[in-house]
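In what follows, structures are represented as structure tokens.
In the two complexes below, subunit A is the common chain; its partner is subunit B in one and subunit C in the other.
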Partner chain A sequence: MRFFSSKMRQRQDIALAASLTPMRQALRRLRHNRAAMSALIFLLLLIAVCLAGPWFSSWQLDTTNALQSRQAPSMDHWLGTDFLGRDVLTRLMYAGRISLTVGLISVVLSVALGFVAGALSGYCGGWIDSLIMRVADLLMTIPSLPLLIALGALLSELKIEPEIRIYMVMLMLSLIGWPGLARMVRGQILSLRERDFMLATEVLGLSLRRRLFGHLLPNTVPILLVVATTGVAGAILGEASLSYLGLGVVPPTPSWGNMMDSANSFIDFKRRPWLWMPPGMAIFLTVIAINVLGDGMRDALDPKS
Partner chain B sequence: MLAADITGRKFTAMRAFVLRRVLAAIPLLLGASLLIFLVFAFTPGDFIDGNINLTAQRAAELKALYGLDQPWWLRYLHWLEKLLHGDLGFSMQYQIPVTELLGQYVFNSFLLASVSMVLYWGIALLTGVLAAVQPYSLFDRLLTLAVFAAMSFPVFFLCLLLIKWAAVDLGWLPVGGMLATGSDTRGWAYVHEVAIHMVLPVITLVMLQAGGLTRYFRASMFEALAMDFVRTARAKGLKERTVIFKHALRNALLPMIALAGFELPALFSGAIITEKLFNWPGVGHVHIDTLAARDYPVLMAFTLFLAALTILGNLMADIVYACVDPRIRLR
Partner chain C sequence: MNQNQDILLEVRNLAKHFSAREGVFGRSIVRAVDGVSFCIRRGSSLGLVGESGSGKTTVGRTVLGLHRRTAGEVLFNNIDIHALKAEQLRTLRPHFQLVFQDPMGSLNPRVRVGDAIGEALLEHKRARADDVRDKVLEVMQICGLAPEHYARYPHEFSGGQRQRIGIARAIALKPELIVADEPVSALDVSIQAQIINLFSDLKEHQGVTFLFISHDLAVVEHLCDDIAVMYLGQIVEMASKEQLFSQPRHPYTQGLLSAIPIADPDQRRSRIILKGEQPNPANPPTGCRFHPRCSFVSEKCVKTAPELRTLPDGHQVRCHLA
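Up next is the complex of A and B:
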């Protein structure tokens, strides 16, 4: 009996797979990838803690307390307090909101830019293609960290308000990110254009709009999703480095990168690791989870490898 | 006769290909120089504004002296003209020409980068190939985990952890720098001292870079092993070792040439954050220090230097690739 049922399930599986769209098949494969699912759950938990955590904290983001500065972790302050007596855990959660938002939004921006530029370039060809690709080449010529550092210095010199500066940092990171994406989308379009299904849309006499938006562009989405996911990890690392150097998100707005600035004081570095280790671990764990998830997505979308 | 003819034709095509690539690199370099110039030219404030001891009159005199009072395009052309004569500018902070400044520090960066590069290419090659030969084995899984961990470390956090554990808490290795303070060692003692100071920064760089590279090697080798010619080689009854190292590996190494080209700038540019945190006297460290002092001539020259190395690295990778792989069409 068991033999039959398992055999039947297998047959059902095959029938199901045949009836599902490629995207749904990929999702099924992703759900069966334990590492990727754990990473996803971890990320969702992290986001939930950063969003909801501050409501349950008995401390405020900017409440200073001179009498309780630089305290070691205790029952009151789980991760201790900083030099102004602010609760480190509360700041860590607020910083998480900022760091995650900067990572996400900058990637959404660079994906939008890269997608439009790559699609225009790949589909139109000719001088539009040359122009866009030369601009992308140019931006990719200058190594990203020195360029980010120069732009960060520009922001500091312009004396931009810390609140507005966050948005500028997002823009900077997307400026670095879009050329690679545009190149990839262009390459995808050039190769997809030659495939049989695109020929079929032409033979069927579909309108240009349907061929483009109904068939060509949707096929670039899966790979774009994978690259965007790992892109978020890159953007979070970029923001952290920049903020650590004092050129990204600046105090009083907390970010995981600028919280680690306390490691620049040797006494804090040596004696008070609770000031700089938690934000470092937060960045590390977030980035590793995103990378594992991205890798799982790549596997799910490309069953050949 | 025929063979010689084909070789000759191939040589001509190759020369045209190289020439075309070199010519295409020139506008790219010019564009990069303009972009870099504009970023710094439109950054308000400069080295002179930062000095509060100057009177307004003296500041204006100095600005005129350095040509900072001219319109931006005139300054750009002037800068470009000097660049073409091999003059990278004059450091306002160090009061020496930028070329001299670069010359003083670039060797230290090169030393650190070259040692780490040999190590991480070696490690990545070895582990990547081993993982590809036995995919989904325990070794492969553990390696994947290690690779993800290494790829996900923020540079500065890794540096800080290493300094904290190995240098501050355990006291095994120096905290930073290239020599102990006031050291006047010579000969082998000097080499030994520098080597000890290099351990931690080299570990940092190797950990950061080996991860991604291992994945490339694994993927490339994995792909090569799935090729038909590998099956043919096995069917011929060749030893597995010969199949893997002589047939598959050689093909798997081809795509790595492009990656090696990207490494050229890293070899001389200095690992900015690593050098800064370990207080290593390299160009990356100077880069950050001059930023604080708004010493723009140095920053502009360094950034352009990096861009030029990137273009050169890509160019070299293209040419080497075309030479090595006869399947590449010379377009």
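Up next is the complex of A and C:
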């Protein structure tokens, strides 16, 4: 204790007040980022509306009414009706559930896959690394949209039930998503491995398990969170493109993408914007909000870069 | 370097070569450490000095088995640690610890200080889950850290405090040998003195043996019994501190010593300026490796490499002229 001057002791007492984990610190920085917080609030509202909205709607998802088809927005149908007379707003909310779920789950899948592949690749090195990275490279060299279209066409050919098809779409999207994640995790692990604190775990003689799960992998989590967040936007876009082309989520299950296919008809496109504008705007705003939030998280988690 | 029976660490002809890529296809071998031998008696401390790139850090890390040796032996308590299997080496690790140059980089930013110090205690069964906290607090107190620092994260500390944490982590295992790799060069001068005092306390009260690596002779002077000077992967001079400071035999050591500032404006001494820079260790000069920069260079120095000779007073020097 005799090494401390009184001045140093004072400073310690001040520092006593707050001890923040690195994660809490990041959260605090995020909370001060207005754009990111607006995006987060928007996304939470959107999720709430999609989940709870249908309960308050006086229309059913699949109630068709030939007499009321293609009606313009009114007090009864806030966003009008589609060609079968179904309420567009109600369908939009159900579609939101599907699109957001597909986006989230496919990213969870690709994170799981990408994390394991990247961690193995980065930690083991050698032929395991080469093998995993070549597979990832291969998947990344194939343009993703044609690949998705081909797989979607295959699903249609096999006449898969629409409910099961949704899960297949999630799998397809995660197949596209994992190579980028794996590369990122690998890079992160390669750079962390050279850091002094990893050398310290070796000097201390810690077991492999402690070195991996206590030190190496937890340090990849922040960047993984950021990439996963922006990945959700990509997956939602991917699902929308596929469903728009009729190869992703197929009717009668609504999704933002397949609702937009009404824009295929020139008359609808020109005269009835309520058919395609709402799902289009929903996709647009959701993707922007997720990207803004992702950027905010990147800044919050890594203030140095 | 008198023959003492109680030798903790003996390094014999240690070499560490790195293969580096050069151009597209070329490969060159960097002889970072090329035939280094020294002994450290239990409880004493050896200072290893030299400029950047002289291979002193590589010596430190190879001694600890963090780099694989290219040749030579590292005998710790007469056990060649490089001959051990990975798992055997891991269980032996608590006996020799490292203190890093960069205190922040050596601490995991996501691990609380107390956990960072206690983790290895638990790993090596030096503490149980219910008494690890007390043991960590005890070590923290020795290193001048307050109990309330236990649950803090590394980013909440100053550089000097972080280095105390790094030292606490190393000495918690009660090691016999500590390799301190430039432990104070990242700290400002007033903090340097505190850390050096902490080291000398550990040496005196806990009987820790040190291999103290530094580029600063003045820092080494306070702490070390013997000093070895490295140049381009080789030891060029090794002697007790008193001998080395009063009678440096190697022109390189003379140059280094004359660069230490004296806090007395009236006292002048002749400066020996070292010309040029240290050559590339991938392509060392012929003969004596120091000859391109030496002011006493002769034809013999260019042609034949001098051996490390032991002079009658125990002073070891690698120079034709000494």
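Here, the second predicted complex is superposed on the first by the 286 of 305 C-alpha atoms of A that agree within 3 Å, B and C clash if a C-alpha of one lies under 4 Å from a C-alpha of the other, contacts with A are read in each partner's own complex, and residues count from 1 in each chain.
In the analysis below, a residue touches a chain if its C-beta (ideal position, glycine included) is under 8 Å from a C-beta of that chain, and two chains touch if they have at least 3 such contacts.
Since the model is a prediction, treat every value here as computed from it, not as a measurement.
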Touched partner set for A:H215, first subunit B, second subunit C, both or neither: second
Which superposed partner A:T21 touches (first subunit B, second subunit C, both, neither): second
Contacts of A:W276 with subunit B and subunit C, given as first, second, both or neither: first
Partner chain(s) touched by A:F42 [first = subunit B, second = subunit C, both, neither]: neither
Partner chain in contact with A:E202 - subunit B first, subunit C second, else both or neither: second
Contact breadth on subunit A, by residue count: subunit C or subunit B: B
Subunit A positions touched by subunit B in one structure and by subunit C in the second: none
Complex contacts: residues of subunit C adjacent to subunit A: 64, 66, 89-94, 97-98, 100, 102, 105-111, 119-120, 123-124, 141, 144, 146, 148-149, 151-153, 155-156, 166, 169, 173, 194, 197-198
Residues of subunit A defined as touching subunit B within the complex: 134, 137-138, 140-143, 145-147, 149-151, 153-154, 157-158, 233, 237, 240-241, 244-245, 257, 260, 263, 269-270, 273, 276, 280, 283-284, 287-288, 291-292, 295, 305
Interfacial residue positions of subunit A with respect to subunit C in the complex: 1-4, 9, 12, 15-16, 19-22, 195-197, 199-207, 210, 214-215, 218-219
Partner subunit A, residues of subunit B touching it in the complex: 27-29, 31-32, 35-36, 39-40, 42-45, 148-149, 151-157, 160-161, 163-164, 168, 219, 222, 265, 269, 272-273, 287-288, 291, 294, 299, 302-303, 306-307, 310-311
